[in-house]
Structures are given as structure tokens and as C-alpha cells.
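Below are two complexes that have chain A in common, paired first with chain B and then with chain C.
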Partner chain A sequence: MATDAVVVKRSAGRRLAGLFHGRRRLQIGSLLAAPMAWLVILYLGSLVVLLITAFWTVNPLSGTVIKEFSLENFEELVNVPVYREIVWRTVRTAILVTFTDAIIAFPIAFYMAKIAGRKTKALLVVAVLMPLWASYLVKIIAWRAILAEHGVLNWALSPLGLHGPGEGVTSVWLVMSYLWLPYMVLPIFAGLERIPDSLISASEDLGAHPLTTFRRVVLPLSFPAVVAGSIFTFSLTLGDYLAPKLVSNEQFIGTSIFDSITNNQPFAAAFALVPIVVVIAYLGVARKLGAFEHV
Partner chain B sequence: MRLSKRAKIILRACVGLALTFIYIPLLVILVEAFNSSRILKWPPPSFTFHWFGQAVESESAREALVTSIEAGAVAMLIAVVLGTLISLAVGRRHFFGRDTISFLVVLPIALPGIVTGVAFSNTFTQVLGISLSLMTVIIGHATFCIVVVYNNVVARLRRSSGSFEEASADLGADPWQTFRWVTFPSLRSALGAGALLAFALSFDEIIVTNFTIGAGEETLPIWIYHNLFRPKELPIVPAVAVILILLSIIPVYLAHRLSSDDGGLTPGRGAAARASAPAAIAEAEATAAH
Partner chain C sequence: MVAVAGIDLEIRAGEFFTMLGPSGSGKTTTLRMIAGFEDPTSGTIELAGRDVSGVPPYERAVNTVFQDYALFPHMTVADNVAYGLKVAKVDKAERGRRRDEALEMVRLPGYGERKPAELSGGQRQRVALARAIVNRPRVLLLDEPLGALDLKLREQMQSELKTIQGEVGITFVYVTHDQDEALTMSDRIAVFNDGRIEQVSTPEDLYEHPVNEFVADFVGVSNVIERDGERFTVRPEKIEVIAPGDSADGLRTERGRVTEVAYAGAVTRYTVALDAGGSLQLVRQNVGEAPGAVPEQGDEVLVGWRPQHAAAVRGKTTKEEVAP
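Then we have the complex of A and B:
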């Protein structure tokens, strides 16, 4: 009886195989049907809904959502100075974080790629990656402990008569630079690894000073990798809301969206379009600078 | 590169400073976990294991842990099935719109997490009329976990040629047999690594979770977040955090072991997923331009 079952199963499998044989579209279609239903209907659909909801409004008295087309949310975003200030503060922080990470990341990536021996290199790669494996929230909490009034930083600075940044934009800048640093180190490291050592040797053999070699050979060739890293630091800073919430009392794009989601979803939706637009604009610039060929 | 002694010393100093910057916060949280004081006060007056005991005994923390494991496991399963299906199509076949698909897979992690969060929250509550629950959290997590599985599996498929599958078919195996005995065994470790990373990604997630979780439900990161504002529970948080860091080493270490026969280092969590985002975008744009 058991053999019967196997025979039946096999022939069913064969019939199915016959059906699929040579029908490429059917094969691809059956592989992709479920995942595409998920990603297109559920995910892209949600993004479309986000776009539509952004044009709805909320009745200020009853708090119910009015599902009619209106530009009110966008007018508010453009005309109310507070929101302009929030967007500018967030973009400014994102730019600052990007520069900070590039400056910290470049020397360590350069050392890893071009100076360190094989063992040191492997060790440094693990050392840089390690914090990525620690929970994101845990790292923010650690920074709270450092930046708190009676925290590590003020304790360390007090003998010098100095005081830490407290709860403000500076703290957000510090925490974000910390959180996204590995995302900058890795692309730069990969970019520097791709520069052939022979190019550097050639520059040296032709009598260039190490600084000249660095400025004229290494830097131009690794610049696209820096831009690639900046995509992460920039876009991650733009969308984050927990770091600003937990180490500052300032409003950022993320915190504004998070705060308005409970009582004004349409406005939150409209505000969420701002980081999308900025990130797309930034990606356009990054592509012009050649970042994508170097990731 | 040949550098002068002084340049090397400066460079080493920079590396040292960067590493100090990277590791100080992790050390601080480790010390805080043993801090006997109820409030954040540095330096700690004395040290204790008390908070670890409290953390292990905390009913709500344990419940949150179970919720996180449930969410992670289901999201992982969905991501493994969908991610594998996509990679089998994209990695083994050429067809119109292939690059659009790889772009679509990467999109949930390329856009800021808050966008995904608001988009799902809006759709569920405003349009579909579903109340937020653990299920909506799982849907959100699975969406951005697909890319992790996809990346691992598609990389493996691209490295191996399709000739084994062809041989299997020529020898008379049906597609299911070929998958079961040829394709699957060659993908097993990549699948395992992808699944573990997907689980780890979901386990740690809070940005999207915060927008899609129902009232009264807590994953472990949400539990930590809530307890930051409860003075009574606050001292347990660093202890839980340390336990979490130690726990998170296990799946990442295993994933690394599993994918090490790929001949390279697989960055953990979002790094792996994010690092491939611009490449996929570039790929999609390059095809769009032609």
C-alpha cells in the first residue's frame, strides 16, 4: 500500500512537472505570486494609502478623519514656522552627523584597508561590526546614562570645570553619530580595499609625498564610497525618532510624526512624505557623485 | 602604503579614539547594570547583582520576551518562504522586470523605518479597519525581513551555476525532487543564516513596532522603552539590556558560522540589508536607463 501511495504521489508530481515544463511564464509567475502579493498589495499599497491619507484632514472638534481631498496639511507644513524649523533642524543634524561620521570613519577605514596586517584587519572589522549587533535601543539608553545630569560625561568633565551638552540638539548629534558610525566605516573600507596597491606604489615611485598621494590618488578614488556611506547616515538620521525623544527635548521630523500619529493621522502621513522626498533628492545627488557603482 | 613613523602614530591614535568612542557606551551600560543606586548616578556607589535577579523574575519582562520570540518566529517564517521564492525567481531566471523586483525587496529597509511604520498604521486603522495587534506587528516585521533572507539566498544562487539542477532534470527528477535533493541542500546554510538574521532583526525592532503594536501588548524593546518612564522599573533596564546583548550574540555568531563558507564576512542585522540597498537601486536605475 505504501508503494501505491508513492506511485500516486509521483505521478501527480510528474503531471505537475509536465504542466510547468517549458512554460517559463508559469514557472516565474508561480514563484513570484505570493511574494509579489505581499510586497505590492500590502507594502506598496500602504505607501499609496500614505500618500492619499496625506490629503485628508481631521475635524478639530470631533477628532474624526474627513476623507476628502484637501491641501491643508501641506499648507500647514509650509506656512507654520515651527514645522519649517523642525525640518531644517533635522536636515541640519543629518548633514552634521554625516560629516562627523565621515571624519571619524575615514582614518579607521584607511588603517584597516591599507596599513593593518591581515590579522589586525580581521580583528578591526569585527570590532567595528560588534556594536551593530547590540540592540539599537540599548545603545540609546547607554547614551542616556552618559549624558544624564549625574551621568558619566558630567562626572568626567567636572574636574575641568566643564558641563556636558544636556538635553538638546548637541546630544542628538552625538548619539546619532554613534549609532550610524559602522554604516559609514564599512562602505569606505570596502571602497579603499578596491583601490589597487599598485596605484599607490606608482604614485610613491614617481616621487609624490605621502600627503600628495593621499590627496591626488586615494581621496578621489574613495570619495564615491564616502558618498555611499553618507546615504545611510543621512537617511537614518532623517527618519529616527527615538534618539531625539530619549536624549533631547527638541522636536525633529521623526518625533513630530510620532506625536501626531495618535490624534492626527493625516498630518502624520503628510509629514512622513517629507523624509521620503528629501531621501529621494539625496539619492539623486549621490548617484551623480557615483556612489552606486562603489557600494 | 608607505607612511612616515609620525603619520602612522597619528593614524593609530585616530583608530584608538574611534574604538574608544565605539566601546565606551557599551561599557557604561555594563557597569550601570551592576549599579546599586536606584537612579542614574555616576560613579555607582557600590555594585550588586540584585537587578539581574529582578530582571529574571520580572513577570512583564518574561511576557514581553515570549511576545518578541513569537513575533520574531512568525515573521522569520514568512520572510523565509517569501524571500526564498523571490530569490529562486530572480537568481535563476532572466525576465522582464527582474531588477524592479530586487528594488522592491530592498525598499522597506531603504526608506526610513518611520515611513513604513506610519504607512502600515494608516492602512490598518484608516482603510482596512483592523485594530492593531501582534499580527500587525508581524506583518510589518516580515516585510522588512524578506530582504535579509533574499540577500543571503540570492548570493548563494548567483555563486553556484544552474548546471546541477539541469543535470537532475536530465536524469529524470521532477521539479520538486530537484528542489528537495539538489537546490535545497546547496541553499541550506544560506537559508539558515538568513533566517537567523531575520529573527534577530525582528527581535530588536522598535521603530515600526511602536506604530503597529496594539494597546497593552509589549515586545521586549517596547517593554524596555516603556520602563524608561517608570521609575520603579528603571533600574532593571540596564540589566535586561546586558542580557539582551549577550543573547543577541548567539544568533549572529551562528549566522556568521553558517555563511562563512560563502568566503566572506556577513555583517549583522541591518548592515547586511542596508549595505545592499544602493547597489540594488543602482541596478534598477541602470536597467531603467537602457
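Then we have the complex of A and C:
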């Protein structure tokens, strides 16, 4: 029969296609194989190496790594007050940056999503994204120039008899709030866009003052988006080391890890686990608050 | 951009008033002006004798059932329904009582703890209705509330809405583009077209005596022909097919040929091209006549109607029905 002839002549490619036909698991599996391998080997693999290294120690005299299990690094982290202080300073700054960005970003995002016309909206999206196109190092150095002793800020403040924050935690807070603001604006903007205008109309129609409408309808519905944005601002602040390095003289988690890498890699690895643990805890809270419900 | 122009409407207390028209005719804009979401550039809106132009929606004794229901997804059905009472600071006991009453009225008792996402389209529609009437507004605005429902449910909700309106005695202002819905439910109908009102009348008057071609066309079937410079419309069910030998006494008759036959169960619709120009649609009940007695496609027929059933219309002469 004619169909038999066709079967015989099937090329290798066709046979392969036949193998995949109707087998969804196999299709998806082979599609995802490469990215999964990348994720597992490179990403999780390096995390595992980090985890293992954290339990090693360094011989203080020779500087060689002793590959034996030890809790020494963690004991040091917990017991030495200066490390506790560094962790707390970093977490505090991350919280502060997150709140600052949320407070600044919400009105911007609200204007973009609910008030601005189509053209203004597009323009604002570009304006919010624009800083992301510039190198982050350049932006920090620009801030360094602004905050410098003889920089623009002190020059502008001097007629008022005021002085800028100089190098320190306040400057880190300022710079980080500036750096991560777009990461807060965009999720909130997207979250507000998803709220149908008719819900706002319905609330007003039912007798709610605009402020009540905001509190009872807009805020609860956009809160998950705020939490989603806060994941970015919080974790980015927690792990950053360049901004603290360039605009402050204080140690943060990032700078401490950076400083330990050359002479005590196992300790740096142990310290690097701290922000990971904090972020995992934060993600757990965010999940409770519904940040992933609409992702 | 002018969505509506020169509208003069008076809606009576307690009536079921429908604004009927094609999309973009200005009916929803008018509704939004009554609700307070849009302000008229000129003119006033009065509610129970008080000028409310410029009064924000949250200060008007008007509630709306939105086309997409606009239920708050983060609140339970009970909280949705009680929302208006809560923001009006009605005390808790009263609030609970009226909320349960409203849910009872829309036949959803016991659904209070569910979230809107757990309800069907018809149930959401009822919640939206309960949420609006629980505030006892003077006027309830309904913006195509049944548009998203399937036919069976829509018909059921039509009669339920009418019943509920009778129970609560609130003025209903209903927006729809569905002429059947308008005819079945309304006390009076305003036909909108292109930002203007063409006619305001009772369903019967609107159907039997359309003032112009647009109304004749939109409410019912366009059956407009022109004879001796006079344009008039005859409703399809008023036209009979006169069998050879039957008397045509008192009827105005025309000869024509059947060009289209559409069987629709209870009735069959015929399109007849008239020898004198123009065409008419007519319907016949399928009462089980012998096959020979039923007109078929291509048949030459004599059709007729009582002169009092022909309603003169003024209006556009852009339609093809004009005699050649």
C-alpha cells in the first residue's frame, strides 16, 4: 500500500519528529534540558560549593585552606560584635531603602497607571527605565562627586549653613534608594495597571471618598506589587558592595565579604550565606503577604 | 468630542427606564453623567428636584451596577455587599441585617463567605445588584448588566430584575443595546442615536408608532417602503399572505416575489421583493398548514396589511428601500 512506501522512506528527521509527536513530557523535557542544566550546574552548583567552603577554615600562619568540617566561621560571625553590627547595619539600610523607595515610587506609579494619558505614560516609563541604561558604577561615582566634601551638594547647602551627609551610612541609604527606585516603580506600576478602573468607580459610586477608596480598594489590591518591588530593593541593597565602598567608610556585608576573599575565602563564604538566609526569610514573608499571587 | 448633545430627559420616580441604542450612541455617557463620573459641559442634572451637577459620585444617592460587575476581588461577597453601608458608617448590626436581606433578595443567601472569583457569571451579577440596592439609592443605574451572560441566564435575570425592581420600588435606569430586553423590561424607553434621543415612549408605542426610520429599524425590523412620496413602516407580523381567492377587503395590498425563507421554529420569516419597489419582511406562525398552502422561495404572492398598521416615518433617505 501507498502508506507503507511512505513509512519506509521516512528520513531520520521525520522519525525523530515522530518520536516527539504527542509526547508532551518529552517535548517539554528536551526543550528545557539546556537551561535546566545551566541553572543546576552553574547556579545551584556554585551555591553548593559556597556552602561547603563556608565550613572550611584557613591556617592563620600559612594562609592555606584547611578542607575539614568546622563551625569556626559561623561561631566567629555570631560571637564577634563587629560582625553582628555589620549585619544589622546592612539589614537596617536595606529596610530603610525599601521603605524610602516604596514611598517615593507609589505616587509615581499611581500617576503613571491611573492618571497620565497614553503619551505621558509612555514617556514616564522611559524616564523610569532610563537610569537603568547607564552603568551602575558610573551612577555611584556620579553620586560620589555629588556627595564629596567640595561637591555639588555641599556647595548648594552652604548658603543655608548646612552640610551634606559626607561619607557614611546616610550616603549609602541615599545612593541605594536612588539606584533601586526603578525596581520599585515598575512592579507597582504593573500592579496598579491590573486594577480595573471600574473598581475605583464602583467604590466611589458606593459612597466612598477618594481617600477611603484608596485605603480600602487601591492599596490592598496593589500591596502585593509593593512587596514584589521590595524584594528587589531589599535584596539588592543587602548584597551590594560598591556603593558602600565608594560613598561610605563603614563596613557592610558586601564590603566585608569582598575584603575577606583574598585572605580568608572560607570566612567570606560563610558571610555570603548571611544575606542568602535573610533573603530566603524575606521571601517567605513576602509569600505570606501575597507577592507571588499574580506572578 | 461630543458624546451626547441636546439631551432632555425626565425620568419618573419608581419607573423602569431604559436607554436603548447602538454602541457609541451616548447612552452610557448619559448614564455616567447621572452617576457623576462625567460632568456635562452645559446643562444640569437634577435628582429628586435637586441640582446635582458637579456633585461627586460618592455624594449622590445613586448606585450603579457596572457592566463588568466591578466586584472587589479581595473582599468576600458579604464585604462587597456591605461596602456601601460600611463607608456610610451604618452600625454593625444594621449593616449585617441589610446585607443578609439584600443577599436574600438576589437569591444568594449563604454565599457571603465566598470570594467573587468562586462565583459564576450570573451569581456575580446578582452580587453586584445586591451591593447596589443595599444602599437604598433613589436611582439604580444598570449599564448593560446582562451583556456577559448567556441567553438562557439573561432571560431569567431579565424577569428577576423586573421582580426585584417591583419589590424595592427604586427607579431603575437601564442601558442596553438589546431591543428585546428593552421591550420586555421597560416602562419607558429612550432610543439613542448618535448622541441624540430619537424617541422616548412606552415599549408598545415605540414599536407600533416609531417616529422615524432609525427607531423603526432599531426597535424591530426595518420594513420601510415609499409609496407616492410617503414613507412608512409595517411590522412583519402585521403583514399577511393572501391566498388566491381569499378576500383582501380593507387591506392595502402589494404584489411581490418571495426572495428569502428562514425557518425559525415557531415562526418562519419571509422576505418579499415588491413589484412596485422595495421589499418587506413578514412572519407567519407555523401552525401546521398543508405544504401547498405555505409560500416558498420564488413564489409570486399577494401580501396585505390594514392601513392603520402602517406608521408614517420621517427620516433618512439613504436606505435602499426607496422605490427605484
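The working rule: the second predicted complex is superposed on the first by the 252 of 295 C-alpha atoms of A that agree within 3 Å, B and C clash if a C-alpha of one lies under 4 Å from a C-alpha of the other, contacts with A are read in each partner's own complex, and residues count from 1 in each chain.
FYI, a contact is a pair of C-beta atoms (placed from the backbone, for glycine too) under 8 Å apart; a residue touches a chain by one contact, two chains touch by 3 or more.
Keep in mind that this is a model prediction, so the values were computed, not measured.
Contacts of A:W38 after superposition on the shared chain: chain B is touched, whereas chain C is not.
Among chain B and chain C, the chain that touches a larger number of residues in chain A is B. Of the two partner chains, chain C is the only one that A:P196 touches; chain B does not reach it. Of the two partner chains placed by the overlay, chain B and chain C both lie in contact with A:E204.
Of the two partner chains placed by superposition, only chain B is touched by A:I261; chain C is not. Of the two partner chains placed by superposition, only chain C is touched by A:L221; chain B is not. Residue contacts after overlaying the shared chain place A:W155 against chain B, while chain C stays out of touching range. In the superposed pair of complexes, A:T212 makes contact with chain C only, with no contact to chain B. In the superposition on chain A, the residues of chain A touched by chain B in one structure and by chain C in the other are 204, 210.
Against chain B, the residues of chain A that register as touching in their complex are 10, 13-14, 16-17, 20, 24, 27-28, 31-32, 34-36, 38-40, 42-47, 49-50, 53, 65, 104-105, 107-108, 110-111, 114-115, 124-125, 127-139, 141-146, 148, 150-152, 154-155, 178, 181-183, 186-187, 197, 200, 204, 210, 213, 218, 228, 231-232, 235-236, 238-242, 246, 254, 257-258, 261, 265, 268-269, 272, 275-276, 279, 283, 286-287, 291-293, 295. Of all the residues in chain C, the ones that touch chain A in their complex are 35, 37, 56-59, 62-64, 66-68, 70-74, 83-84, 87-88, 131-132, 135.
On the chain B side of its complex with chain A, the touching residues are 1-4, 7-8, 11-12, 14-15, 17-19, 21-26, 28-29, 32, 39-43, 78, 81-83, 85-86, 88-89, 93, 95, 101, 104-105, 107-108, 110-116, 118-123, 125-127, 139, 142-143, 146, 174-177, 200, 204, 206-207, 210-211, 221, 224-225, 228, 237-238, 241, 244-245, 248-249, 252, 265, 267-271, 274-279, 281-282, 285.
Contacts from chain A toward chain C in the complex involve residues 196, 198-199, 201-210, 212, 216-217, 220-221.
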